[in-house]
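Next up is a structure, given as structure tokens.
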Amino acid sequence: MRIEELREEEFVCGSFACAGCGAILAVRLALKVLGPETVVVTTPSCLLGVTTFYPQLAFKVPCVNVPFPATAAAVSGLVAGLRRKGRENVRVLGIAGDGGTVDIGLQALSGALERGDRFIFLCYDNEAYMNTGGQRSGSTPLGASTATTPVGRGAKGEDRPKKDMLRIVAAHNIPYAASASIGYPADYIRKLEKAVKAGGPAYIQVLTPCPPGWGYRSDLTVHLARLAVQAGQWALAEYEEGAWRVKEVSNPRPVREYWALQKRFAHLLQESGGEG
Amino acid sequence: MIPVLPTPHLSSRTGAWRMLRPVLEAEKCNGCLVCWLFCPEGSIRRENGSVSIDLDYCKGCGICARECPRRALRMVEEASFMGEGGGKLA
Amino acid sequence: MLQIRWHGRGGQGVVAAARLLGRAAAVYEGRYALSFPSFGTERRGAPVKAFTRLGDRPIRDRSQIYTPDCVVVFDVTLLEGGDTWQGLRHGGIFLLNAPFEPHSLPLQGVTFYRVDVTALAREVLGQPLVNTAMVGVLAGITGWVSGEAVKGAIFDLFPARLAEKNWLAAEKAYLLGQELREKGRRA
Amino acid sequence: MRDYRNANEAVALAVRLARVEVVAAYPITPQTAIVEEIAGQIARGELDAEYIRVESEHSALAACYGAAVAGARVFTATSSQGLAYMYEMLHYASGSRVPVVMAVVNRGLAAPWTIWTDHQDSVSCRDTGWIQLYVETAQEALDTALQAYRIAEHGEVLTPVMVCLDGFVLSHTEEVVEIPRQEEVDSFLPPYRPAYYVDPERPAVFAPGMGPDLYPSYKRSQQLAMEKAREVIKAVDEEFGALFGRRYGGLAEPYRCEGAKAVLVTLGSVTSTAREVVDRLRQQGHAVGLLRLRALRPFPAQEIREILGGAEVVAVLDRNCSFGLEGAVCTEVKAALYGLARQPQVLGFIRGLGGQDISQADIEEIFQHALSFSPGRR
Amino acid sequence: MRDYRNANEAVALAVRLARVEVVAAYPITPQTAIVEEIAGQIARGELDAEYIRVESEHSALAACYGAAVAGARVFTATSSQGLAYMYEMLHYASGSRVPVVMAVVNRGLAAPWTIWTDHQDSVSCRDTGWIQLYVETAQEALDTALQAYRIAEHGEVLTPVMVCLDGFVLSHTEEVVEIPRQEEVDSFLPPYRPAYYVDPERPAVFAPGMGPDLYPSYKRSQQLAMEKAREVIKAVDEEFGALFGRRYGGLAEPYRCEGAKAVLVTLGSVTSTAREVVDRLRQQGHAVGLLRLRALRPFPAQEIREILGGAEVVAVLDRNCSFGLEGAVCTEVKAALYGLARQPQVLGFIRGLGGQDISQADIEEIFQHALSFSPGRR
Amino acid sequence: MRIEELREEEFVCGSFACAGCGAILAVRLALKVLGPETVVVTTPSCLLGVTTFYPQLAFKVPCVNVPFPATAAAVSGLVAGLRRKGRENVRVLGIAGDGGTVDIGLQALSGALERGDRFIFLCYDNEAYMNTGGQRSGSTPLGASTATTPVGRGAKGEDRPKKDMLRIVAAHNIPYAASASIGYPADYIRKLEKAVKAGGPAYIQVLTPCPPGWGYRSDLTVHLARLAVQAGQWALAEYEEGAWRVKEVSNPRPVREYWALQKRFAHLLQESGGEG
Amino acid sequence: MLQIRWHGRGGQGVVAAARLLGRAAAVYEGRYALSFPSFGTERRGAPVKAFTRLGDRPIRDRSQIYTPDCVVVFDVTLLEGGDTWQGLRHGGIFLLNAPFEPHSLPLQGVTFYRVDVTALAREVLGQPLVNTAMVGVLAGITGWVSGEAVKGAIFDLFPARLAEKNWLAAEKAYLLGQELREKGRRA
Amino acid sequence: MIPVLPTPHLSSRTGAWRMLRPVLEAEKCNGCLVCWLFCPEGSIRRENGSVSIDLDYCKGCGICARECPRRALRMVEEASFMGEGGGKLA
């Protein structure tokens, strides 16, 4: 699907997301690919907060909100219910943030993947719990400073590497799993299309920078989403029919360039004197 | 009362949050749609060969301006659009 | 008891301002205060409110503030929301940060002050971060807390280097406020 | 059809007769047989339903929730730790007004670990907004599960229902059960036709966020739905009785309370044993009676006042403890009787925790103790 | 030291002063600041503790449990959905008798979603075997968190404690707080010396399974521990008062109840506002008073009888609803007053759900309503 | 460690396990390797039921029982608590059945693995929920008949492949993860020793046949644990420092031989006429 | 009302026997029954109990059975447990499956029957599965339910092929029981 | 009463569950310890060069007999160890 082929219609508009929110962009694009015959299942996170808090309801498709640990289980139920009601044509799109996917929502997701139903699970990864103000999640990258992994005497931000959720998901042997970035929209859209066509569960984890959470000016969102890939901090990977494919980065950048634009990494640069 | 509410239902135009306004220099634009693609709010309208900006929900993030390959968009202080003595936002 | 309502946008530091004022009174003048935000999640850019109560005795009323004695608005664009002046009590103060005079605010029986705090903040801090300066102006205008108290609170709440800069801005604003005192426009 | 079944099987039969469309449940003793039996029904082609093999109880109820908002009739069952683990979803389902029916096979909670019956699990969930019906026999388990769908799905109720049955004492005890015919059940229980379901033609947010301006009115409507449920539970029981010849007293069922000085209040299976004791004591000339609460929520305060108002002593048998206070039913019975001109003495007895047996002798002792408080005796 | 803090910060300070050794918690609005502040204290080297960054609240309490049986002093904090999600662990911790202290920042429960305060979350957990203390101010939050360790760790109590504080109204509201000095706190609160901890030299099973023969006696001992807690809560509050000059009334604190015809019963932060109203009404000559329940568990039934026994009308303000009955506190107050010779009229008011503001005017209206029931007025 | 070097002392004895229980054998051997300075953390499962139900308490080491979804979280807490108390020498051994590991305990395990603490997690895999009478778990192999995946009209037992838990765990990049079988005790013991020495979390999933659950005579337990490997139904794999190693099977057997000994697979053989 | 307690081992089918007897009476003789296991998880090989109550009116007592009218023991090795005879009421029946006479059971005032049901089951079923046959013997000895009723219950609870074999065993046992009737040893 | 109980605490000898008894033919045994290794109950004692069986907790599963490479163990009906008229089990 080329850009021009994307639907003109917006399926999410008027949300309370911060200016420059990468997450809402990711959801906007996903719904453009999936179209109006879609039901969103989502959970406490920025997304729920900014799209489905009355009096500002921003979706144009049905949206089912469920508790934080429950997204994928509700997805399973919805898929079964729709099937039972003869409405399999309605696509079920589970959406959760990284916290709702790799931490508290992991078990339900694992169960749903295992059951093999047809649905798409979209994890928008802003690498922390943003709705609660930016605490670390399992998906926070090593070294990032967050509200619960602050920098201080002997504390250097997050001290554990980012959980490799894509590999964990792929280990469930589902038909399709991929990582994407809103900095690479064509790639992202192509992956969404593949997810739609997968015969079973499909998982996409999309990098969605967050201006207040990462500490940068709102216009840099797409730039950072691209830079993350170029600086080797985010791989554009695909797992299909048991095989991996990772997009080669044509124009690699030094990681410091990526760090330098974000407050959450500021201490990493200070440490080594801001050089190099 | 069942907590199921029709959507969309928008009580406020989030354009009011905007502090910078994207302004198009139409002559520079070639209608590549990059801004349209990247606008988180879906506030850019496709127009044949060019684009226009719907300010109702544009929050002024500046992504469109930053990503426009032809620098056809500029971000301008919102306050400057209020006449002396204040005035309508959009 | 005095009740102040602060209007700003997510990211502008209204909550911090409300707290700063309270702390100045409570810790540096031995008085009592309550400060609280508008009880929601604030997204950057979205209009937000915060509140301060000041008093000479412990403050027990923990309900919302509906009829403030004073409203402080961080940014002229917030006037568009149309709710900044809601409930402001007769004889109260409306303090607006704006680079120009807005026209036709439906204010009645209150004193109106306009200050271009953004310009001041830009000058001192190099950024349009107005919250400490807004507290300074308000203190200057009203005398509800002393400049010293504001200073103390700023040094408590900011790391040293930032505190100094912020006090610079706030002090300037405080002095400006003192000048303005009694020069508010009656509306 | 006259059959010989335990309550777990009886519930599974009800699920089949109710033509449930989606089942999601997780095994736990002593509930497991329900789930196994349903899986068997599906495998044998007796029940045309989706069985979602979830990985936990939280997910079981979440899956039921998802299926319900898609418009399907759903069922789940659990017990004890499983009920506790789905607790967040309990509030969610009632707040969302989805008409889930769940069998709770009562069992005590850890720690220490027990697999035996008491009511701590479900009674502790009395504030979750679910209707709770406690049954006395396997027959009633079957019949109440059927009634539960009528109640839960009623347009002005739309509130989930727990059918609570004692672990082992009912779940694993076979007895005579009359199985209704499918046609009869079909005429009693029409298909579920939800007013709200997920439909891209009419997009809606299910369970949105709400501010202090709106939220309270939704909670109020939950409370009103419970009020409505009082009527509906009684009416459905009546209608069921008219069709099938079996009635269970609606919200609360008195047994030989006429002129009773001492009345025992019970929940669940111990009622049966207590009837035996009441009959014997009555025969011996003691003015004793029994009030079985079938519904704990909505709480039958009105019925309690009417039935117990005339007693001298009320003994409440609680198979639970609200630690730091007393048995939960005892508190609520007192509150219900509060303000009556003539107030019976209310005595609380906590018995039968973690499967402790409650024998006829135990119940007789309670009655004797209660009678000793009766002014006539003093 | 005189400081200006909100209750979240006050609790985090208490954690530091109590020299907590292991913290495991998960973020949730409006509790998050507590956890963040603790993480900050550790990062800044102000607190020497292990912070376990768990992936959910169920795990938060499980991790606290693990650390506690290893012999460490532990802390966690949560709110609303988080409390609901750890619910299985709540029963487990109390049944295991581990002295966890948890701050519960009160917030309503979904569905619908709210982030604002009410007491549905903690009140619904009244049957879990935890001690529950509700605080009125940030100062009391700090002081009660310190007291909580003394209570929970008391050899005859060994029961976990929830310190409940209203979301936003307390958690996000700064006010004057006196911070005790570390030495003073150290003398008030000695290190935790558990009688039982994991030790290969003395192998033991923590929380074994038990049959109907033994299980009930352990549950009984939980109830006895709660009885003991009544004393201990009062004594600790007294001792704290003697040391720090601040007392909170132990289990229940009357305010101007002398000769009051109408008394309002409250929990939490609304008490402050109500004091204001009581003073004004008293000034206007109305005989009104206030009873704040500091402890919901153990429930201060005795105190309620003593303090409210003389009133004509009791108005109970519930920030929760036990759907299908009424506000939970209202029920329990009635039950506590049951059987008194002269019974005040008890009126229930459910207010302030999902962050609904309770203003002075609202409270005054309640009093007016209550007074209209007072026989003197009729 | 050779057989003779194993401790004589028994650390679990007198349990209420069924005769021929593979799980209790796996635990017995594990404790022999770990020794007396060990604390077991366990959860509802056959193991808890048969070793820590008063009046029959069968462990000689401390045992902490925790709720079903909580094993690994309690392990984390215990590790932290012991460290804080200066008793790091006490080894923490989390034990759960397959259900308590791959289903309801997965999330807590993922969290604990991510945190990187030092502990050993032993999943004894009897391929179903045995304590509740043999319902399917995520670890039940494809085709097995269980109480919740019965054989009937159109129903052919478990219809989803076994969850590949070892790969899921390995995707967490922990220092050591392995699968073992009580049919290969030397291999199992060696892996336990490696787990003890790992600098962080170590995971072992050991196949433990179950006479009533699988439907076979109790003396076949070890035989089946061996045959599973020989018939390619269970791999003896190791994940160490990012690399996989799988034991070659020297004497492969046809899978039917494995199936033929177990009731849970009986229908698979009937289908094709019992041949081959 | 009659109360029967069954003793066996996990895997021997005591629970099924208790149920079988109850079903025979309840479904095939229009009478009433309750049957239940000893309320625990039974591991294979571990001693387990089950219970049946029989009556002509609906049975309401749901408490445990402490003083059975009859005890049925599936296996002589269970005698070692020392609790099989507990509570057996005076005048009750003790029915033991054993290949030989055990000595010195502390039974008093009860009627004792020993039958080698294992041998019978082995013969008919090819396996030592005694549970249906034990019900048969009991029915035969006591007449509490008819052979026809037992047959009906067996055909309800077993798939056809198994049911036939089991009824064969049970019928043989039933006839044996009838022969033994009144031949019990008074103890 | 805190639910923490000293372990081990064994109220019953599970050897009573046994229906088959492992019997060693000592002359066949070479002390390889395979039976010892595989006994789920830890009921086999190492003895220099051979083994012995502790019947207290042996449930008679038969694994030892099946796995013994020298067929030095036989499983024998437990009832056969009761004298006529019954007798002690072990």
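Think of it as A, B, C, D, E, F, G and H in the order they're written, each chain with its own count starting at 1.
Here is the rule we use: a contact is a pair of C-beta atoms (placed from the backbone, for glycine too) under 8 Å apart; a residue touches a chain by one contact, two chains touch by 3 or more.
Keep in mind that this is a model prediction, so the values were computed, not measured.
Shared contact partners of subunit A and subunit F, listed by label: D, E. Any chain touching subunit B that also touches subunit C appears here: A. Here the CA centre of subunit A is 24 Å from the CA centre of subunit B.
Spacing of subunit B relative to subunit D, judged by their CA centroids, is 56 angstrom. Inter-chain centre distance (subunit C to subunit H, centres taken as mean C-alpha positions): 83 Å. Rounded to whole angstrom, the centroid-to-centroid distance between subunit A and subunit E, based on C-alpha atoms, equals 38 Å. Residue numbers of subunit C whose C-beta contacts span two or more other chains: 40-41, 45-46.
Residue positions of subunit A touching 2 or more other chains, listed in rising order: 16-19, 48-49, 52-54, 57, 59-63, 65, 67, 69, 103-104, 106-107, 110-111, 114-115, 131, 138, 211, 218. Among the residues of subunit H, those in touch with two or more other chains are 3, 5-8, 14, 17-18, 59-60.
Chain pairs that touch one another are A-B, A-C, A-D, A-E, A-F, B-C, B-D, C-E, D-E, D-F, D-G, E-F, E-H, F-G, F-H, G-H.
Of all residues in subunit E, only 26-29, 32, 35-36, 39-40, 42-45, 51, 53, 55-56, 81, 85, 110-113 touch subunit A in the complex they form. Those residues of subunit E that touch subunit D in the shared complex are 58, 81, 84-85, 87-88, 91-92, 94-96, 108-116, 120, 123-124, 126-129, 131, 207-216, 218-219, 222-223, 226, 229, 295, 297-299, 301, 320-325, 328, 330-332, 334-335, 337-339, 343, 345-346, 350, 353-357.
Interface residues of subunit C, counted against subunit B in their complex, comprise 9, 45-47, 75-77, 79-81, 98-104. Note for the complex: subunit A touches subunit F at residues 69, 102-104, 106-107, 110-111, 114-116, 138, 160-161, 163-164, 167-168, 170-173.
If you check the complex, the residues on subunit E that touch subunit F are 21-22, 24, 49-50, 52-56, 58-60, 62-72, 74, 88-89, 92, 198-200, 202-211, 214.
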